[in-house]
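Right after this note come the structures.
Two complexes, one shared chain (chain A), two partners (chain B, chain C).
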Partner chain A sequence: MRRRFRLRVRASRLATYSSFVAETLGGSLTVAAAVLSALAFLFVLFLAPVGAPSSGLFAVLFFTNVGYSVIALSGASAMVSDLRGSAQVFLSQPLSRTIYALAWLVALLASMIAVFSALLLSLAVIDPGLLGTLSLSIALAWLLDSALLSLLLLAAALLLRRTSVLVITWAAVEFGVFLLFFSEQLAQAVVVLRPLYGVLSHGGAVDTPVLAGSVLLAAALLALLYWLARARLEV
Partner chain B sequence: MLRLLGYALMAAACMALLVMLLAAGSSGITMHSSYIYGGITLRASAYRGQSLLMLFEPQHFFPAMGSTHVEGFTSALDVEMRHTQRVTLGLVLFNPTPANLTQQVSVTSVLLENLTLRDLSCYTFDRRTYRSRVEPLLDMAAGDWFAYDLLERALGLAASEVKGVADPAGGYRVTLQVGNETVALCALGFDASSAHVVFENGTRTPPEVFFASLRSAAIQPRASHPPYLTLNVVLREYLLYKPTAMQVVRALALLAAGAVLVALDVLLTGSPPFLFLHKLRRILRRRGT
Partner chain C sequence: MIVFEGVVKRYGATEALKGATFTVPKGVVAGLLGPNGAGKTTTIKIAAGLLRRDGGRVSVLGLDPWEQGEELRERVGVLHERPAYPPDVPVKVLLRHLARIRGLGWEDALRAARLAGVERYLDHTTSSLSRGYLQRLGLAIALLGEPELLLLDEPTANLDPSARQEVLTAIKTLGEEMGATVVISSHIIPEMEQVCSYAVIISKGVTAVQGSLTDLATALGAEVEFVVQARNPRLLASLLISDDGVRSVEVDGNRVVARAGSRVRQRVEALLEEARARGLAASWDVRSRSLGEVYEKAVQASR
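Up next, the complex of A and B:
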């Protein structure tokens, strides 16, 4: 009974603080998600009819993914500046270290889901038939790709606490990884980190082992984030 | 978190409604244009009296034309002809040598001068009709310069016809919308009364003599090598977006769904909506002072 009450209190704190992060601490996180959602409609309108039903649609997914990666970068750098500034106030009481770190993750993942929902619904507004061309594996690849980047950036923010390092990490994951795809052997390993690129290499579908590998990697990064929050955040 | 989703949906819906308003206010939004300048491969050509009729298939240049199945989008084609006094007609002529019966193929470039463009029309056909009834007629006419009646019969099977509008510079222009199950065919009508034919070696011949020599089988065109017409032509293929009523309804539904999510979050958390706007206003005020 007591345990359940504690869990509920923690969940409530996590929800409240992540809302605070999304609207206030994260700077323009909400605005950026809304702007990218509006842009997603334009991407869909201008690109979806190209080579319908596939090539233009993949371009929409990639552009939106890059747009979200910029949001994730700005969110992670807002976390760095918060850690250098007012985070101590919240971390003393009543916020625990893990809830603090998870709140940032939840805020980023919420904006990711918001952008992806806006993208899907933009497709539905233009032509519901376009939704049928987007397979579940591609949708999962988009979500996993973005979630992995968010986890990686937040872990880097907690570990190194430097915006410049975040920018390098973001550039390496977003563009550097793409260069590794020129080698077939490296591509098979790297596609776990960027499952969306699997859409390109497997001609419009992502293999289940790749998605499973990405889920495992995401779980490992989440565990790392949890450990970093406990080990690296001072109270 | 619900409000974050709500804002995102509202933003996408607002953008959708704005774009739809712009598209409805104008004659549609044009996108993905591609151009062809200069020359066209003819599908079939025919000569009768002083008239030349030349047909070409725009989808030969733009294979993706009319292939989009996305709601609200149609393929459109602008055909523009200018300055048509001098037309080069490239022909591969089949020239049998009487001495021995081995057939030699000689490539002859023939120049038709002083041709006058009389009209330009574009036709659309139902895809099935085109494949089953029009294409066989065009195939029969492709190697025969005197198959004028066949071409006229093929054009008579069109579902719609758009006549070119003459512009002050002496050219013609036509705009055609091509649907998913539609095939387009454009026809150029030339007046050859004052024209003459110039061969590669400089020999000049009146068109009736030239075509008579084709008929006498001294030299013949080949269906596998269609004539190539070089003239001042601009073909522009593009997608035209015009919003449908259902798209507007769906965008309004998305806006309503976003507003409901924001209202729900406001009710659950008690914090006022659009907090980020207050923050933005504060930042702007600070910068102002």
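Up next, the complex of A and C:
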């Protein structure tokens, strides 16, 4: 009974703090997500033809993915600033270190879902038939790709607390992977971190083992984030 | 209430606490005193569960602050030395969110704002507040939910003299009316003398001395005050001043205040017993107003 009560209290604190992060600390996240959603609509309008999966549709997917990666970078940078400043005010409240870190993750993932939902809505508004061209594996690849980057950036923010490290990590994930595609073996490994690139190499579909590998990697990064918050988050 | 046993904290190669050992009993207003760099802020942060100790044992309200921090901070309010608030956030938005984290409503937040004197600035953003009002905002945040224990790190820093006095009076009132235990870290001894009944003096990361101000004054040979409720103040004053060990005597209505070195404390108490037997005195209390002297002696002894 008491355990259930504490769980409910913790869930309420997570919701309260993540809404504060989204509203105020990461206010730019909301604005950026809205702008990106509007741009996604225009891109869908101009690039995605009616009918079968096309390079135009993939271009829209990649554009929104890169756009969200910028949002994730700005969110993780806001967390670094917070860790150097107002985090001690919040962590002096009955807010555990793990809930603090998870609240930032929740705020980022909420932006991610908002961007992806806007993309789906754009497809549905322009031509409902376009939704059929977006397979479940592609949708999952987009979501996993973005979630993995969010987890990686937040873990780097907690571990090193430097914006410059975040920018390097972001650039390495966004652009460094292209270099690795020169090697077939490395490319297979990298695609687990960037499952959306599987769309390129497999012509519009992503292998289930790749998605499973990405899910496992996301779970590992989530565990790392949890451990970093629990064991190393001092303010 | 607070127990530190051999607590060690390192920042890289620097050892901020080198085995600090002290206790703070329930219900006191305790001063955590020491020169700059003594380890006061580190001690406050370890007690609040914001820093992890590298060695030793810490118990606050019977809980381990690092492992059970969330549960502990439901009962503790913390004011930081230089609190940083999210910029451009209205005071009321910040207070409302912090109150919600504690499971409190807007009324509770408003009450804390009133107690700390920031209720007129609720619509202002944090970045538009002066240092003094930021400090008051910190105090309001610490008071949310009327905690059992208040950890205040340099609460009067950045305040003008009148605001300092107001904050000190508020702390004293809170200690008395809320029954809260208050730990105040500071190196401003005259201010601490006004509010503290207990002191922990830290020097170079170790505890130099700890105890009630009267016990410390006695142990270190500092001056103590005898506050006597007299039946015949004039006669009692002349009896006390005739003793060589009594340094001064003041009469204020029926109250007689005599100051003497703690080494003659027993002799003066014997004199007061005799006065009571003769019907000159009703009761008395011994207290110390010589924290500065205690502090100097403790810090010098630890060097």
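Assume the second predicted complex is superposed on the first by the 229 of 235 C-alpha atoms of A that agree within 3 Å, B and C clash if a C-alpha of one lies under 4 Å from a C-alpha of the other, contacts with A are read in each partner's own complex, and residues count from 1 in each chain.
The rule is simple: a contact is a pair of C-beta atoms (placed from the backbone, for glycine too) under 8 Å apart; a residue touches a chain by one contact, two chains touch by 3 or more.
What you see is a predicted model; the values in this text were computed from it and never measured.
When both complexes are superposed on chain A, chain B and chain C fit side by side without a clash.
With chain A as the common frame, chain A serves as the apex of an angle whose CA-centre rays point to chain B and chain C; its value is 150 degrees, to a multiple of 10.
Put simply, more of the residues of chain A are touched by B, taking chain B and chain C as the two choices.
By the touch criterion defined above, A:I113 lies against chain B but remains apart from chain C after alignment on the C-alpha atoms of chain A. By the touch criterion defined above, A:L121 reaches chain B but does not reach chain C. Shared-chain residue A:Q185: touches no atom of chain B or chain C. The least CA distance from chain B to chain C in the superposed model is 6 Å. Common to the chain B and chain C interfaces on chain A are residues 16, 24.
By the touch rule above, chain B contacts chain A in their complex via residues 1, 3-5, 7-16, 19, 31-32, 64, 67-73, 239, 241, 247, 250-251, 254, 257, 269, 271, 275-276, 279-280. Put simply, chain C touches chain A in their complex at residues 45, 48, 50-52, 69-71, 73-74, 78, 80, 83-86, 89, 93, 97-98, 100-103, 138, 141, 144.
On the side of chain A, the complex with chain B involves touching residues 15-16, 18-19, 22-24, 28-31, 33-42, 45-46, 48-53, 106, 110-111, 113-115, 117-119, 121-122, 124-130.
Residues 9-10, 12-13, 16-17, 20, 24-25, 82, 84-86, 88-97, 99, 234-235 of chain A touch chain C in their complex.
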